[in-house]
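Across the two complexes that follow, chain A remains constant while its partner is chain B and subsequently chain C.
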Partner chain A sequence: MSTTTAVVRKNTYYDSVSLMSVSTKANALDGVDQAFTAMGTEMNKGVLDNLGLLTDELKAAESGDLMIVLVAEDGADTQALLAGIEDLLTRKAPASAGGGEVTYRTITSAAEGIDGANLAVIAVNGAYAAREARKALDSGLHVMMFSDNVAVEDEIALKQLAHDKGLFMMGPDCGTAIINNVALCFGNKVRPGNVGIVAASGTGSQEVSVRVHALGGGISQLIGTGGRDLSEQVGGIMMVDGIRALAADPATDVIVLVSKPPAPSVEKKVLAEVAAAGKPVVVWFIDGSEEAVTAAGGHFAAGSLQAARTAVELAGVEQGPAGTFDAEAAAQAVVASLAEGQKYVRGLFCGGTLCDETMYAVRDAGLDVWSNIQKNADFRLPAGSASRGHTFLDFGDDDFTNGRPHPMIDPALRIERIVEEAKDPEVAALVMDFVLGFGSHEDPVGTTLPAIQEAQRIAAEAGRHLEVVAYVLGTDLDSPSVAAQSDALRAAGVTVTLSSTETGQFAREIAKKAQA
Partner chain B sequence: MSTSQHPELTPAAALFGSDLSVVNVGLAMFDADLRAQDAKVSTLDWTPPGGGNPEAARALDVLDAPGLAETIEAANAEAVERIMAARPMLIGFGRALDVVPGMTPTTILHSGPPITWDRMNGPMKGAVTGALVFEGLAQDLDEAAEVAASGRISFKPCHEADSVGSMAGVTSASMYVHIVMNETHGNIAYTNLSEQMAKILRMGANDQSVVDRLIWMRDVFGPMLKEAVELTGPVDLRLLLSQAIHMGDECHNRNGAGTLLLFQALAPGLLQSSFTTEQKKEVFDFVASSDYFSGPTWMAVAKAALDAANGVPNSTIVTTMARNGVEFGIRVAGLPGQWFTGPAQQVVGPMFAGYKPEDSGLDIGDSAITETYGFGGFAMSAAPAIVALVGGTVAEAMGYTRDMGEITTAQNPNVTIPALDFQGLPTGIDVRKVIDTGILPVINTAIAHKEAGIGMIGAGITHPPVEAFTQAATALADTFGGSSS
Partner chain C sequence: MGQAASGGSGGTRTARVESGDAELLDRLHAFTGHGAVHSVFTRVVNLLTPQGTLIALAARDAGDAPRTLVVDVADWTDLELVPGQRVTFATGNLCVELPHRTVRLTTADARRWRARPPSLAHLAPGALAAAADHLDRLNRTYGPRGGMLGATPYAGPMETAVAQALDEGRTTLIAAVRDGRDAAIRRGILALLGLGPGLTPAGDDFLTGVAVLAALPGSALTGFGPALKAVLAEHPGRTTDLSHATLTEAADARVRHELVDVLRELAHGRHPQELNAPARELLAIGHTSGSDTLSGLIAGLHLEEELRGSL
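After this line comes the complex of A and B, so read on.
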């Protein structure tokens, strides 16, 4: 029999990522059957309840209280194990150059105390994020808000406040920015240069920055506006301010805009800025239309690759010869190896825009596509339902992330799904993305490969060839590098595509031919 | 900030033109990512508002509403100004029955928020029964317990009688008290005399030696102090407090300098008093027996100053923090007369040999009035020598004072801390800031044994329960925010 011990440390706060890492290390301690360190949120208590570990003491814990639950193996020294967990929890002083670094408790005091502080990265629970952002703006700091689940009313008020102060209020819900060549939250290591990006889409802007880099160009600034910025309600406050800032920035020669199609009134506003920018502006509104962009004097891009190519060309950077990828021929070879009944493509994505770009490529071939992020409600597939037909899932969408880290940090849910899909005899190909860079999992390919191999084995045992297609979003400067991750995939028999756009083309051709 | 270095630039252009320096809140992993890119980053030790209590966050939103926020700011500025401008003077000593308002022969004052006899903890019951024997209201401790439970005794918080009391705070009619007048605003505060250390009434001890000492204090010590001040004239206590803090006291748990200064001020009067040389030597020996002699005096200083802020309308400044061993209570300037309470906490710190943490009574006493004013735990940086007592480092001592700056409103220019470049005491705890930052006041205090009759067994630090502040924030929101929910 194992013994269960629960400890609640009142008013002791750790962020969820640190606690996950502590839980992982705690589970590896000798004598631990199961260990769990988490804040006393309703969700975490729900998890414990499901495990049958929710004691009355834990039930009374609040979201600012730390819960430590230890299930020790029979005969293990519970006190020693608890001490071991406490040791893991002990805050290690952050590595600092000078020593004697002051740890601040609030944004206001940090902004006052640190000479030259100019930006706050806010990644607290969404319920508290707006309050922290307001403090940062009131202290004269620009804000990058990584948190999600922030009320749209708060977003509007914060952006209006930022606008009035001339500050950036980046985010929420799009955790990407590059400021002064430093990537904030999710971002890739790219060359400095003269292409500036303003984006309402996280992975969409990562893809454009990475492609610009691969084409020999570089990035001056990447301003992430937050996924809802171009909605009717928010009204594009941050995108307009972002365009103006880059228009005024002497280091930026070309501006690229990335977003899902804006609300019509907002599109008008944004395109008016495009016309007034005084610099070439490339516009990639995913699944958007060309006419209005051209009328405003912008350069329309139908996809991420075209956006990057046009930007680099306008930036005056010498490009190598455009690679020619013959998606049709490649797909022909794949389809020839399929068994009877293998008809469908299943896309399993971490990046929402990467999912969109591939899904729309397939849909534009006249095929039905099902997805948890389908605009057309008739084809919407809620998280948790089985795939049907051509299915494209964005594991970074709120349905999946609810209370969990983003799949770019913790790909566990997608890993399960890879194996699941392989059991479906109608599946011809699995298409997936791996996003490298700051903020992401340290080895996304390595942690997923066993599941891919398991999927391949399941198909092979049933006499099928399962085509696995993967796109690795990253640069040669990222750690791990795009080359290292791609090589590992190829060695496992995975077809590696070289851009998001190409991934869509390949998926489309496979889907067309397999279903035909 | 960079924005102020380039006034001609827009904030965006200033950002693009300077080195990125990030304040990171919430996810530690971004700290490493930013450092890996050679960016400057400072990651906060962040706590959710109100310890994650949604009720507290809602109250805060009400209090932050435009209009009300400005009203509160102005009220708090006034409250803090009153606290800092107060000039507490020691104007005399006297019998509680003669000087403390509302005192009767059967009144027992106690520390903390109101509490009934049956709910009192061990040390407080011990002190009450000892005081009843001392007053002749009972023959022995057993009878005293019966008398205490009989309903014939009026129990009342010291704080509701313009008084403060260390530890159990038990003050009965015949005990001598300090009379400290706030010369600026005219109010008076009272507190009883130090019994010096260890086996004493205020820690719950109550045997014959304790009662005998109380009798001597009533007959010799108190009256001699009374005469002394009559001879020397009023003593400016804020000045002495300021000097003591410059000399390395934090004037709650460490009182060596303060006691020398106070004794220096009183000595001529004591010498000139009408008592015998033998009695004067007893008094001198008694003062020398413990540095704590001036401890209660500083409590009365803080009480006299803070009471001047009571009743400032719309203020969210804390004017009382006090514990009765069962509950921790706070009072707020803008809601006079109301207590907001939560469970008294364990005090963590070194114990006298032979005692273990499970022997401790919970946090008790009105002495947290010192932290409410801005010294004690708040001035830990002034008293590096006490850091060992609380098991920390000197750097941590500096950190305590800095953290208390996060939840207070002003720095008191009259009482400063040399090691912090003569920064003033962090003054005016703001309920809103406590909830907002999740930082609780730090309190230096003594530990009494949980059983009656034993006394002090250690010292350490503790914090108020967050519940008291959540309650206060909710009441403030309901009262100031117009409609209650």
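After this line comes the complex of A and C, so read on.
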């Protein structure tokens, strides 16, 4: 039998985001049946009363008091659980400098105060980011700017200033970098090695880095440029500087470039750098063409897996035998279990490049695909719209993230959509990604599995089999590991693919056969 | 604290107020004596004035709101402020006294922000309905569950019970505003006031959305404002201090800038798509606060449409 325990903290205030986060984490503690934190208003106490949870202590709470209500499982140590919940709350308290840590109030003072500091990561509101970046560059620091919504004029000026000073200006909107084996923002724990990456695509570069790692290779540096760097206006300033830096880096033997196809004038400039690099350069311009890359002496890659394989091969690393995934046979087995009318694939992605790679694989089979990131405006689907036919949504696109955390941190929107899609009798398969690594959600699979199971239940009750396909981007060194997350998915009946490219192949074959 | 807080002699630092609620700036000189820190968050510090009024100091990213001064600091974390700390209000400036230093805020160059949105009286009932429908679609697409939009998919019994009570409270309130009788509206307000786990409970956020509409010149929701003011006066402990202050201001059509921006766009009467950007900013407030406020605004717009049509 469960026991109810309550604590009232007098005059204690936490913002609603913190309270919700603490409640979620508290409910996940072993031994907790239910945990709830709320202000001690009359109405909230009334709800607790109706549930039979209103203890004498809670009755005395006032509207400025925080109520912590714990319903523990039989035999659980309630005091230890309460201490655990209190600890979660304490961790949410505003941080203060202490324990020998020094908090610097300005970038300039940090640059002066930290001996040997040479890089600043800027993640403030876009309206202030350029100002802070300029101070960092003026203090002799390289900059990685996670912030977005920075004016393109500021981006150009900052990149030009960095170039003139011999510094990197990675970003704005740069989500991933690995510098001297340290992953910054969204990055994965990968083996050090001799493959260097310059990328205008965050999850694209993550995918190449984890594939290189899985194939036995390692990463020397991963330099992010920000998604707008290869536009006509910005002119690829950072991509060019990145290629030159890796060309001069003795620890880098092979360079990989990852980007959506650049503006034509910028492509010419970048490919001239490829020709002059003096090292093999693998070029994965997502949905790009082979001819110009080959003419410049580069190694063209049609997908992320090919980019990683070519790089590892050129780096002289002995690879194990290539996988023998038979997408066609696997899809045939799936389609055999579908009911009449189930014909569409719905892709629900956190990573933009992962979404692109799968979407283009389906499109290249001659099928219509709808997406919020479709280049073809006729097939563009605004973020709030219901799915149509084969739909691929990038929940990390600005349309979905404006004012919300990135889905790699907070997957709530996608979780709701998983259940919605399962109600559509025309859906044959749901395809999704899970991105592990520094900066990402600590358990993306665990937080999404209940929705997947709900989706499977909805389909089963309607007499349908719903194929759920998932790719986990990560390494054995990440925490949680790719193996642990994949095992949890498999245990729930999810088909786990082993790369972004393989995910695209599988989705394409299901779409072709289901629609036939 | 941000770089704008400059060093000074005798352990005193100066921080510039970038902008402030114009009505608060006008009244600031009247607050003399000692107040106290009420509550501390990363980007907002709430203070009690010597007269017991709750006001807020916001970091520069937090934005304008009623009773708020926006200060040129990144956040408040490094000051180690704690509730109950003494604050001195003197004519022309405001000092926060800490054990080892004093932080003085200067308001001389502060931009004066006006919290009042424009009237919607010129909009036809059909335009109100179209705007409400569009905002509702945005809210259901982008708004998080856990408040007025219902419980999250795997909610426990407590969240489910709160969501159910919120839904019932909304139904009661809408019926009461349609009914128009003061006693019914008061009951409707009391069915929501203080309901929800957060610092500004979801029920209060919903009431804020209705209250601001009702307080605009030309509104057809005539009975709501007086009823809300009466309930707040008669039941001061029914909700949190912060939420009580927010509702008190909303009853006078004074709301934070994200909601003002939505109402300004509504007043333009342009295509509903133009509401997308300000509505998304509103939805980004708190966990469900923005969505709950938008839910109240949507309910209020539908009521406006109905009640204007019945005139």
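Couple of notes before you dig in:
Basically, the second predicted complex is superposed on the first by the 417 of 516 C-alpha atoms of A that agree within 3 Å, B and C clash if a C-alpha of one lies under 4 Å from a C-alpha of the other, contacts with A are read in each partner's own complex, and residues count from 1 in each chain.
To be clear about the criterion, a residue touches a chain if its C-beta (ideal position, glycine included) is under 8 Å from a C-beta of that chain, and two chains touch if they have at least 3 such contacts.
Everything numeric here is computed off the predicted structure, so don't read it as measured data.
In the superposition on chain A, A:106 contacts both chain B and chain C.
By the document's definition of touching, of the two partners only chain B reaches A:184; chain C does not.
Looking at the shared chain after the overlay, A:37 reaches chain C, while chain B stays out of its contact range. Of the two partner chains placed around the shared chain by superposition, chain B is the only one that A:146 touches, whereas chain C remains out of contact. Of the two partner chains placed by superposition, A:494 touches none, neither chain B nor chain C. In the superposed pair of complexes, A:416 makes contact with chain C only, with no contact to chain B. After overlaying the two complexes on the shared chain, residue contacts for A:436 are found with neither chain B nor chain C.
By the touch criterion defined above, A:63 lies against chain B and chain C together after alignment on the C-alpha atoms of chain A. Once the two complexes are laid over each other on the shared chain, residue contacts for A:122 go to chain B alone; chain C is not touched. Taken together, the two complexes place residues 11, 13, 15, 17, 39, 41, 62-64, 94-95, 103, 105-106, 108, 124-125, 127-128 of chain A in contact with chain B and also with chain C.
Across the interface of their complex, chain A is touched by residues 1-3, 5, 39-42, 60-61, 74, 76-78, 80, 83, 137-138, 141-142, 144-146, 152-154, 156-159, 161-162, 165, 192-201, 203, 237-242, 277, 280-281, 283-284, 286-290 of chain C.
Against chain B, in their complex, chain A makes its touches with residues 10-11, 13, 15, 17-18, 39-41, 62-65, 91, 94-95, 100-111, 114-125, 127-128, 131-132, 136, 140-142, 146-147, 165-168, 179-185, 189, 221, 241, 245, 248-249, 251, 438-439.
Every residue of chain A that touches chain C in the complex is listed here, in rising order: 11, 13-17, 19-20, 23, 27, 34, 36-39, 41-44, 46-48, 50-51, 53, 62-64, 69, 94-97, 103, 105-106, 108, 124-125, 127-128, 383-384, 400, 402-404, 412-413, 415-416, 419, 450-451, 454.
Of all residues in chain B, those touching chain A in their complex are 1-4, 10-16, 18-31, 33-40, 42-54, 57, 60, 395, 399, 402-403, 405-406, 436-440, 466.
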